[in-house]
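Written below as structure tokens is the structure these notes are about.
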Amino acid sequence: MCRLMGYLGSPVQLDRLLNKPEHSLIIQSYEPREMTSGVVNADGFGIGWYHLHHQTEPYTYKSTLPIWNDVNLPSLSRYVETGCVLATVRSATTGQALDLSNCQPFQHRLILGTHNGFIADFRQTLYRPIRDRLDDIAYQAIRGSTDSEHIFALVINELEANPDLSLLEALHRALTLLRKLAADQQISFSANIILSDGQQLVASRFAERTATPSLYWLRDDPLFPQAVLIASEPLFSSNWVSCPEHSILTVNHELDIQIHSI
Amino acid sequence: MCRLMGYLGSPVQLDRLLNKPEHSLIIQSYEPREMTSGVVNADGFGIGWYHLHHQTEPYTYKSTLPIWNDVNLPSLSRYVETGCVLATVRSATTGQALDLSNCQPFQHRLILGTHNGFIADFRQTLYRPIRDRLDDIAYQAIRGSTDSEHIFALVINELEANPDLSLLEALHRALTLLRKLAADQQISFSANIILSDGQQLVASRFAERTATPSLYWLRDDPLFPQAVLIASEPLFSSNWVSCPEHSILTVNHELDIQIHSI
Amino acid sequence: MCRLMGYLGSPVQLDRLLNKPEHSLIIQSYEPREMTSGVVNADGFGIGWYHLHHQTEPYTYKSTLPIWNDVNLPSLSRYVETGCVLATVRSATTGQALDLSNCQPFQHRLILGTHNGFIADFRQTLYRPIRDRLDDIAYQAIRGSTDSEHIFALVINELEANPDLSLLEALHRALTLLRKLAADQQISFSANIILSDGQQLVASRFAERTATPSLYWLRDDPLFPQAVLIASEPLFSSNWVSCPEHSILTVNHELDIQIHSI
Amino acid sequence: MCRLMGYLGSPVQLDRLLNKPEHSLIIQSYEPREMTSGVVNADGFGIGWYHLHHQTEPYTYKSTLPIWNDVNLPSLSRYVETGCVLATVRSATTGQALDLSNCQPFQHRLILGTHNGFIADFRQTLYRPIRDRLDDIAYQAIRGSTDSEHIFALVINELEANPDLSLLEALHRALTLLRKLAADQQISFSANIILSDGQQLVASRFAERTATPSLYWLRDDPLFPQAVLIASEPLFSSNWVSCPEHSILTVNHELDIQIHSI
């Protein structure tokens, strides 16, 4: 389990997303409210963001420390201004290493992705079957050893094979393959995922044979006008909407929201 | 706030103290039960132990990671066998750096010491007054910036000035000076401290103008015969005895326990 | 010994300063050419920079890893654009801890500072005398334990006592006091220092009773027009000028350079 | 490139191997003499050792810091006494992550192994072909992403498939397969490897289409009587013998040395 958030909209200082909210990711790292497993999210964290003006590869900042202990984050949060950001505080599954390579969000070219959930007994179940289905580019791009990165690799594999595919379609295909592989072995998994290419957010709330983790969205809040927020837990009291289970939420550049059943 | 433990007695594998108990320090790091402030103890940890056969300076192992994330601890815990050990999981006071130099236990020659508690607004209150009262040896020995290390320095200062002083007497004098300095500024502090020289444990449970943190001891438990355990929270269900507030507990090499009012 | 650099001038991407030069700080970290002591500069690093448009406190990024191993630096270097930056790769004096609190540059309000050099046997010589001369603000602002930070504290002490003092004058007074304290004990020190407030660079090249470390400057190079660079070693082949020993170099916002004998 | 050492013989304090020699691994980390590529070995380090009396799984200690910066190593080196140890200071190939999972020595059940060398363009060449040849146990045991760990996996794969195989034979078969895979793509590799099970050392000096890294051994030196040392570079001036290229050296429990051509 991890806690995730995504933001798309008018320019915002990172500080306002990470530190200011009353139930920010920093608070969620030591006092989360809706975890389906695990107790704290103190196994590192990561942030990925896009440039306000230039369409270049996104930027990432990662650490294996609890987010509240990072000495650089206050400076970075004051400095970064962005219209599109993903962030994660990690709760590592037992047995998965604390390596920086395992910190999310993952990046591949213009794409950022982050995952909250798990594949049951990953190393003994879908680790090898997933890898065996990857083309060389996605295979060689894997840097760490987590289930999360391997699910991200399934998405990247679709995009590399079909460059014109939408993020929505790539995520849908990846989840469909994951379902099939999991069904073969009758194992459980959960896959709350947020993806972005800097122009849109695409997020799934999905699980099979286990509880579906929570996921919420909020649009045009007075605190964040002209913006959409997606988060594992509401960052502050407002009219957050719970995403339906077994669905994919898309937010385009005009902040239109659509919900697609899986 | 931190969570502490000390052990004196027949040889034991570190593993049996750190990992095996149902409410071990590892569990206490993310699910403590009796904290008077703070939520988790994930700001690093440290262990100090004495050699079973040689009377040499003790050994320490420290990390700024949460104790559950350290990849070396399982090996170390299997390897180390000792008759005297102190251990701490840290909850850093806001504003105190995560530096390794701030990890406990602290060591000076044969002495190990660890502290659970705080001095209110330390940097603005007793930081300078404590340092000003230290002789050069204790002054120059300070490596970090915590209130905990400065209280330890007060003990070391007494021992360096009076090499024949007992640990009990050194701790008593240090606390007496700390009380006086705190009274001058009418500030609160708490000082649960465990000290050792490898032959004995000396532990205080003490606070002024604030709640006194919990501290327990246990002797000759079936799980740890011929041994005394001291801990912020019971490590497992047994006949743990709550140390009286405002007192110092001493455990000598024969495992005799005495309680001294402060 | 460390390797330092400072930049003041037209906006530049951090990447062009840190990674692109043929003898960049990254190269200097493992293959320095003009060290007067030490072999590599692999004991952490730090960067401090000012915002291009807003006059706010500067931003810092620090790590205890060798600069070539930091996974976040490539993103940060691509993202940050600035007209004023200081950077350091550290070679820790034996016995000085690798703590993040000991990483440079140091910051106090609008001021950044970084130091290359040493005070001989610092802990046993000027550690306490320097602290004893500090007012409470500078005293309490010290976070680590290095000679470098204590020299920086001398500068801050002057500025806090005399808010109208120029950086040049504050540095001059700090060095004068340092000379006196060192003369009292007949100990050696070296103090190549770069300071900034975002509008100017002030740099000393100074030592007593030991070799003076190298320091160079370069103005209006074709690669960096409308800018001044200061560095321990030339970052690339060009018309770098060696700063005179025992002097302070000032670069104002119009990039006028003046040299003042100490 | 990395620098390796192995020790088998009468009990020795780790300190005497790691710190005392005039050209110890600590010195070799910043001033190596015989590197065929790279400049320093400051990308982490690791130690693996066996218990003096109990035949249990070995113990490991790893860090991503330069070996000279580790605060725990002095204590550990004073504490550990062993008759069999492997140690490595790492020089990471460009692009290979600094993760702890990538620190050597690697361990699998009773076996420790460490590798100095490289597979050219590993991720694009033999990464996938090696993995495809592994049985599930060796496949799932891989924790990191280095060429070194994948070569170790080839050895483990042989041992898991044939539990009665000698370490010599397992290493020989692994190198034979590696040669074949490298020949298929006409790529270069070097594979200086030291293996142990606590009772013997088995070490290869081998490369194809590139320079063979150095490897030396020394037996019954006055400083280390009744012991064999193997090292990338002599640890001190003595009668070190250069291992022949393209060979495997075996040292059994009686310290008999045999050399086998590959």
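Chains: A, B, C and D, in written order; residue numbering restarts at 1 for each.
Assume a residue touches a chain if its C-beta (ideal position, glycine included) is under 8 Å from a C-beta of that chain, and two chains touch if they have at least 3 such contacts.
Given the structure is predicted, the values throughout are model-derived calculations rather than measurements.
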item: Target chain D, source chain B, minimum contact steps; value: 1
item: Type of chain A:chain C copy interface by residue overlap (half), same or different; value: same
item: CA centroid of chain A to CA centroid of chain B, Å; value: 40
item: Junction residues of chain D, two or more chains touched; value: 71, 97-98, 100
item: Overall pattern in which the protein chains touch one another (line/ring/star/complete/other); value: complete
item: Complex interface listing, chain C residues touching chain B; value: 97-102, 123-124, 127-128, 131, 136, 139-140, 142-145
item: Contacting residues of chain B [partner chain A, same complex]; value: 30-31, 39-40, 42-43, 64-66, 69, 71, 92, 97-98
item: Chain B-facing residues of chain D, complex; value: 51, 56, 59-63, 71-72, 75-76, 78-80, 100
